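The structures considered in this document are given below.
One chain, chain A, appears in both complexes that follow, with chain B as partner in the first and chain C in the second.
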Partner chain A sequence: MRYRFLPYMLLLPVFTMIIVIVFIPLITTIIYSFQSYRLTDPDAQATFVGLSNYIEILQDSRFISSLITSLIYIIGSVIGMLILGLITAQIANQAFKGRSIFRASILLPWAVAPVVAAQSWKFMFETDFGIINYVLEGIGIIERNIPWLVSSDHAMISVIVTNVWKTTPLLTLIIVSGLQTISKELYESADIDGAGDWKKYYHITLPLIRPFIAMGLIFTTLQTINVIDIIYVMTGGGPGESTEIFTLYNYKVFFQYLDFGLGGAMAVIGVVIVGILIYFYTRSMNKQYN
Partner chain B sequence: MKNYFKNRLSLFVVVIVIVFLVACSNENVDEEQNEAENNNNADVQTIHMAKLESDPNGMMEEARQRFNEEHDDIKVEFVEMSNDASQMHDQTVTQLSAGSENLDIVNMDVVWTAEFAEAGWIEPLDDLFTEEMQSEFIERQVDAMTYDGHVWAVPWFNDLHPLWYRKDLLEKYNLEVPETYEEAVEVAQTIQEEEGIQGFSMHWGRAEQLIVSFTEFLHANNGDFFDEDGNVTINSPEAVEALQFMVDMIEEYEVVSPSAIGNSTPEDARIPFTQGQVLFHPNWGYVYSENQADDSPVKDQTWVASNFAFEGGQKANAVGGWNFAISKNVSDKETAWEVIKWFTSFDNQKEMLLGGGQVGTRVELYEDPEVLEANPQLEEYLDVFEHASVRPSHPQYSKLSDIAQSYIHQALSGDITPEEALNELATELEELE
Partner chain C sequence: MKKKVKVWFWIGLTIVILINIIPYLWTILTSLKQQNEIYNVKIFPETLFLENYVQVLFKSGFLKNIWNSIVISSVTAIMCIVIGVPAAYAFARLQFRMKNGLFMLVLFMTIFPGIFIISPLFSFLRSIGAIDTYFALILPYIAYFTPLVVWILTGFFRTIPSAIEEVAIMDGCSIPKLIWKIVLPLSVPGIITVGIIAFTLSWNEFLFALIFTSSDSARTVPVAISQFQGVHSLNWGQMTAAAIVATIPIVLISVFLQKYIISGLTAGAIKE
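Take a look at the complex of A and B:
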């Protein structure tokens, strides 16, 4: 009985932190979204305007196209990360000499600061002196230099590649921990039944690591959509607006246009969209148990 | 066991409390010291002045110390700001819109005037910065600080965006510096073929620098964003022609590399020029000292001229630079003005130029023999100043710039035609309040 309040006391710092850095900003943003609030305009200082910010943003073709761009960016990244993540996790889970070095080295991209990673890839994707064109030309895949970052046909591929390289390690790490929970006996009994490697992978491994994949995808998707550093540094959203994801546009509206009302409305819509995404992921994660 | 944890917990709490107390008391000590200092000189006014992080040869800091020594009643303190103009914009705007009292003198980029004036963040300086005084400054820099019939800031660091070129190569082929873009393209093609180098190096990435360059092409062909009454004219035939020419420089004349539309900073475009791989290079004034550095491959081989015009058009050189304005929340406007007057005086500007290479804004500087001997390029600058190209003045400049960057960039990368780009840009600019 003496310790009745202790658990709450211990949780208090965390709760305070969550309230201060999550709830207060969230509520402030929601309030902004119903106001006309532009720093640059002395007449528009936090006056209530109802839903007009939301109406304006949903009629903004640039916002709609930035949503589509985000979707392409997420889907491209998730497919890339999933393939690469499953392969590297499988390798990292094998027993071989130098495994610990391999495990540590696949984590490196994740440890690199996003801006540094983006700047390095920007150099590599450079049209005239970048190493990617140099190598592709050297082995005869392309004849002319590809303007990776400056043509709207290639810019998206370039930023997806960079993002996959940067974020996959996180997914790999989670999948590896999933692989380690699978008991060896399952494979042994499958061997007795005469199942091949693919069959074992498809019927034993994959279903068992499914919740881990789903959880990994939640993290990596959030990382993909929220971390604008890579796109900001590599293309600035260009050429034109071909790589402008909606978080980058949101950033511009908030901090370049200084329009807190419109920016707030965009952020709220963003939260809803991300919420829906997470809902689908968690549902597919729970399916396994039902 | 329980006691063990309890002891640990209380120890932890005690440590935290001590850390907090120490942190707070330190601040108190600082404040007390400051107060004590101030009390020694009861009438000392402290003026907080924005300063760029970069300070060539520490000349700014030296000037501040000289000022503080010369004045018993005023003390200048610097507020350090990022060198990146858009970051500095955000820092300044945050301070101003929050009504901060820790920023009396604002350091403004030339394109911020309309925004800051319209938002009511800075004081008009008409009664202090008199017309007589204005006439001592380079006209185009003062013009850029004028908005809505008032003057808002005193130009202090002058930046210009002229044409840098390889004079050794032009001499080798016995060619004059071309007057028009049409001639320049021909010259560039000739030398490109003979020397195997690039004709032009441009900063056409999706960033503010694209607007700098585009505005020059626009003005060189008699076009503009708005007419005198503020109507949008960005889709005029002249404007479309200018943008078409930029596209052709990449696609048809092949004097600009396609990778130019990835160059989002002036540095990206400057490096190949200083490496000796480019003939013509419109860029900011700092190129000169980079080219004259001891390890530069083009030392003494480059020179400066006014940018090209289109046939029937005019020469156009973008205006840049930094300017001192007074915040609305200033503690004492007169005192702040004293500081600005001192820093922008001829004597201090000359000191800054000779010691740190920072090019000032007073006309006299460009006639001073001592200055010209150390900086021979300044003589050419007077000609460059004649043909000023000022980016549009607009209360929502950063939004305008971002939208314009997007459409112009799409045209340069070949996604849409210049006409489509500028028509759509015009529609959006008309909607901009």
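Take a look at the complex of A and C:
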């Protein structure tokens, strides 16, 4: 009985922080979204305007296109991360000499700040003296320098590559921890049945690590839209608005246009979108058990 | 057949290592080059040109940014541990109502995008005059990174056998004393892990740092690097030198303590 309230007291500091720094601001954001509240005018008072921010933002073609851009960015990143992550995890799960060096190399992109990763890749994607054009030209794949970051046709590829490089390690490590839960016996009995490597991977490995992949994708997808650093540094959302994902646009509405009402409405829609994303992933994760 | 698999294995391994390290290696090489070597795409610098580092370290405000980052990240890491350990202990060992729901909430907090709450937070920090102080960054960082610390440590505490603790409780040891005297000493590896992770995350964080600072008095390394070109004109040599200075401590720590970090980053995914 003495300890009845103890668990809650142990949790109190964490949840106080969460409530003060996340919950109250989140509710405030919702309140902003129903107000006209611009910081451009220092004397401006927030006034209740009903749904007009939502109507305005849903009619804003730039917002709609930022959603589409986000979708392309996410899908491109997820495909890249899955390919690189599954291969890397498969290698990291083997026993071989120098495995710790291999694992250290996996951690390198994780440890580097997104801003630094963005600057490094920005330099490599430089049109005239970037190493990527230099190598591609050297081995004869391209004839003329590709303007990676300054043409709207290529900028998206560049930021996706950078994001995949930076974010895949987290997915890889989660997949590795999934691979380690699979018992060797399953493969041995498949060997007796004469199954080939690819068959074993498809019928044994993949189904068993599926919940881990889903879990890893929740983390990495959220990171992809949350970390605007990479796009902010590499293209600033441009050229035009070709790489402007909705979180970056949201940032601009808040802190460049200083419109907290409109930005609030965008943020609320963003929370809903994130909720839908998480729902999709957890559903595909739970399918495994049913 | 087996031999063929082996060859593919080593090819794959080499490609993956190259993908992971080349961007960083290229940044290091670039930081040691002179301007004309950079623009003529020389792979290796002819001489080791250290002027970029001298410029970055001694002729700009970058040392101040590094100092800001060190203070902010250290305080954040320590505070995350101080308030994270009791919570993780409660989740790992004690039974109480709404435990699962609260635990899911903690997990959810680790991935909640900061942009959605940043404007009220900005108004709040501005109204108390905290913009451009260490406090303005440390406060949200603690709130944002402690849930991850709790999540990882809970998994870690569960792996420690609870027999000793049960004996101690029977002997009349109070829970806070138990955490301090028995659980903490046993969890040093876990605490090192979350300490490094919390430090790294705050060291690398960009969005809050960008908005809640306005001058070098609290500006951290990532923001300084993102604004580098504006201040120093386009100078890739200095830019890359700054990038290396800013990342080398974290990179070395994670390479040498990789075991801890990997166990921490994957703790959340392992089912209990």
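Just so it is clear, the second predicted complex is superposed on the first by the 287 of 290 C-alpha atoms of A that agree within 3 Å, B and C clash if a C-alpha of one lies under 4 Å from a C-alpha of the other, contacts with A are read in each partner's own complex, and residues count from 1 in each chain.
As a convention for this text, contacts are C-beta pairs under 8 Å (C-beta built on N, C-alpha and C of every residue); 3 or more make two chains touch, one makes a residue touch a chain.
Note that the structure is predicted; figures quoted are calculated from it, not measured.
Within the superposed three-chain model, A:W110 lies in touch with chain C and out of touch with chain B [touch as defined at top].
In the superposed model, A:V150 makes contact with chain B only, not with chain C. Of the two partner chains placed by the overlay, only chain B lies in contact with A:T40; chain C stays clear of it. Of the two partner chains, chain B and chain C are each touched by A:F255. The partner of chain A that touches more of its residues, comparing chain B with chain C, is C. Shared-chain residue A:L11: touches chain C; no touch with chain B.
Once the two complexes are laid over each other on the shared chain, residue contacts for A:V20 go to chain C alone; chain B is not touched. In the overlay built on the shared chain, the residue A:T235 is in contact with chain B alone; chain C does not reach it.
When the two structures are aligned on the shared chain, A:I174 is found in touch with chain C, with no touch to chain B.
Within the superposed three-chain model, A:M215 lies in touch with chain C and out of touch with chain B [touch as defined at top].
When the two complexes are laid over each other on chain A, chain A has residues 128, 255 in contact with both chain B and chain C. By the touch rule above, chain C contacts chain A in their complex via residues 5, 9, 12-13, 16-17, 19-21, 23-24, 26-27, 30, 38-41, 83-84, 86-87, 89-90, 94-96, 99, 102, 105-106, 109, 111-124, 139-140, 142-144, 146-147, 150, 175, 200, 203-204, 206-207, 211, 221-223, 225-226, 228, 236, 239-240, 243, 246-247, 250-251, 253-255, 258, 261-262, 265-266, 268-271. On the side of chain A, the complex with chain C involves touching residues 3, 6-8, 10-11, 13-15, 17-18, 20-22, 24-26, 28-29, 32, 84, 87-88, 91, 94, 96, 100-121, 123-124, 128-129, 131, 134, 165, 169-170, 173-174, 176-178, 181, 197, 212, 215-216, 218-219, 222-223, 225-229, 232-233, 247, 250-251, 254-255, 260, 263-264, 267-268, 270-271, 274, 278.
Within the complex, the chain A residues that touch chain B are 39-42, 126-128, 147, 149-152, 235-242, 252, 255-259. Residues 86, 90, 93, 97, 115, 118-120, 205-207, 257-259, 261-262, 264, 395-396, 398-399, 402, 405-407, 409-410, 412-416 of chain B are the ones touching chain A in the complex.
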